[in-house]
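Contents: one structure, followed by commentary.
The chains carry the letters A, B and C, assigned in the order they are written, with residues numbered from 1 in each.
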Amino acid sequence: MPLWDWNYAFEILPDLLWALVTTIEITLLGSVVALLLGLVFAVLRRLHIPVLDQVLWAFIEVVRSTPLLVQVFFLFFVLPQFGVTLSAFVVGVVGLGVHYATYTSEVYRAGIDAIPKGQWEACTALSLPRLRIWTGVILPQAVPRVLPALGNYVISMFKEVPLLLAIGVVEVVNEARELGSLTFRYTEPYTIAGLLFLLLSYPASMLVRRLERRRVHA
Amino acid sequence: MSTPDTTEPMIVFDGVEKRFGSNVVLKDLHFTVAPGEHVTLIGPSGSGKTTILRLLMTLEQCNEGTISVGGRYLSHEMRGGKLGPPREKYLRDVRKHIGMVFQQFNLFPNMTVRGNLIEGPTRVLGLSRDEANGRAEELLDLVGLKEKIDAHPTQLSGGQQQRVAIARALAMRPDVLLLDEVTSALDPELVAGVLKLLQDIGDTTDITILCVTHEMGFARDFSHRVMMFDGGRVLEDAPPAKLFTDPDHQRTRDFLHAVLNH
Amino acid sequence: MENLPQIVGVLSDGLPETVIATLGGVLLTIILSIVAGLLLLSSSRTVRGVTRVYVEGFRGTSEVVQLFWIYFVLPVLVGFQLLPLFAGIVVLGLNHGAYGAEIVRGAVRSVPRAQYEGAIALSLSPAQRMRRVILPQAVVEMLPPFNNLFIQLLKSSAILALITVPEVTRQAREVLIPNFGADTLLIFGVTFVIYLVLAALITLVMRLLERMASARLGRRPSRAARAAARAAGPTGTEGVAV
């Protein structure tokens, strides 16, 4: 048996690409959750509302310090006991999204903290309403400069999707595993799976790096 | 002050050119410095004075010409009767005889004052810790900071840091000492003390000293020779008495006028 | 609640595997980070290029793929299978070492050029310059991002459950869920606590090291550096361009 069988590789490629679509879907939907929820976390924490502030802090610390896999199991096994049954796909999107929201919230926070005090004071001097300060002055300045860091987290999420195979999501690596179990050939499926990740995430991270450099020099 | 005799030069620049990209900083530069001589380099900023010190410390390599110190090439290495690019090992050997004090002190923050002073002597010259310590204490005594031996550089004032940096350079017992605007980063009230220290060192040792400074009073008292640089060339080279009172070039006169009325 | 003792007992049985995997991974990460980080700064294009392939290869692919590849594919190629725990440690180390290399490279490059020049002026050799002057200063910059990296590694160790390592997460999933199906909240509650405590221990040790390293430089540990490391993207070194 050859170490690498090209015919077999081409035979399984369509199935793997099809599973890659699922991976990308989960990444994109999870990113939407992470980017929006993270922003909410960041703004809420900045408002320093008693109790809510401490609760949020504790929540973020717990989520950041414990494995995504355990959190996914939590959503998958615990929620149904409280009457909430989500599909594996939705658990994946929510789990990934919430986990990464705790990271993006720190990124937003750094961006917000970097806005000079003078900007806030100017808002006060103009008597701008609270909402307008955020949507018109602070966030439009803070978000663009943290885009590269956010982009990096989206790429990270993409690479973490495979651990959803533990709850039965058929993404690339799970598909590779199933293909392998049919033929007892694992070299081609897993190698192709790895290359697919590299093929997408390397150019993406190059793009982010370029964005980063433009920001630094701007 | 008498000029030391100039039989065998300590430093020789022969046709040196230095470019940074397309910017020519030094052009066809020739000069020598005698052993024990104190030479001050003056001139407008960007005239290449500091580059000369950096070339001598091998922090930069020249593009054309040769530089030698104590009869050995610094810019090249003689191998098999031919001049080639110097290897790190060779450079390190020549470098041992040259010390430098920087404008920003460049003390190592991860070591105490003692650590900074014994680092070179123990690691490069192979002195024992005891010997190096003895030398360090002696030198700190000289620069008036004996009680600071176990302090961290960050705990010292700028003037104190620069004294330690001077002691660190002297701890290597260099033949040539390079002083690169050593008082420019100091608060005005600390300048005089450091200059006095350098004057003492100049008076009591036979180290060859090259100095870049904007302190014209110090340059006059300290130097045997002053070289006025402009546009990467030596415009004028004379004893301080002549250069400061009766320079040959209008450009020198203008420069001195600008600096002294600053 | 009456099952709490058994649940804690079963999860504790997985603790040694989680701790060994994490410590082994951390050790390998430190070694690879320093070696690859310094090689990334080499003057040789070839050396830099080869190191880049390692760094980008591991940062560009999924850790689960890397794990499956080493556990299922490598045996076919080399003819023998690694023990699951060992394979896990190798992947944790290789993966996080690739991230750590960028941390080391960035920290070394952040040491001011003047420090190199000071070391050259004392005629220190290139190795002495790095070991005696540059690295001790760079270490202070490295510790906060490495703290984050090691916590990532601890969290990643859970994926070893996927290749049958009986660590904490696998104990929860494979032993407890089938047997104590009614106590899922408790099971995962305790699991979270275990990881939280381990993460806190890592942070404690790293803060201690940070304080020691800062004291050597006559500085206080910098809050700003820690905040920056926290906000930094997964690439670690660049952080948020603010």
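What to note about this one:
Throughout what follows, a residue touches a chain if its C-beta (ideal position, glycine included) is under 8 Å from a C-beta of that chain, and two chains touch if they have at least 3 such contacts.
Owing to the predicted nature of the structure, the values given are computational and were not obtained by experimental measurement.
At the far end from chain B, in terms of centres built from Cα atoms, lies A.
Geometrically, the chain at the heart of the complex, using CA-atom means, is C. Here the CA centre of chain A is 20 Å from the CA centre of chain C. Inter-chain spacing, taken between the CA centroids of chain B and chain C, is 45 Å. The centroid of the Cα atoms in chain A and the matching centroid in chain B are 56 Å apart. Residue ranges of chain A in contact with chain C, taken from their complex: 3, 61-62, 64-70, 73-74, 77-78, 81, 106-107, 109-111, 113-114, 145-146, 148-153, 155-156, 159-163, 165-166, 173, 176-177, 180, 186-187, 190-191, 193-194, 197-198, 201-202, 205, 208-209, 212, 215-216. Those residues of chain C that touch chain A in the shared complex are 56-57, 59-66, 68-69, 72-73, 76-77, 151, 154-159, 161-162, 169, 172-173, 177, 182, 184-185, 188, 191-192, 195-196, 199-200, 227-228, 230-235, 238-242. By the touch rule above, chain B contacts chain C in their complex via residues 57-59, 88, 92, 95-96, 98-100, 102, 104, 106-110, 119-120, 123-124, 152-155, 168-169, 172. Those residues of chain C that touch chain B in the complex are listed here as 114-115, 117-126, 128, 132-133, 136-137, 216-219.
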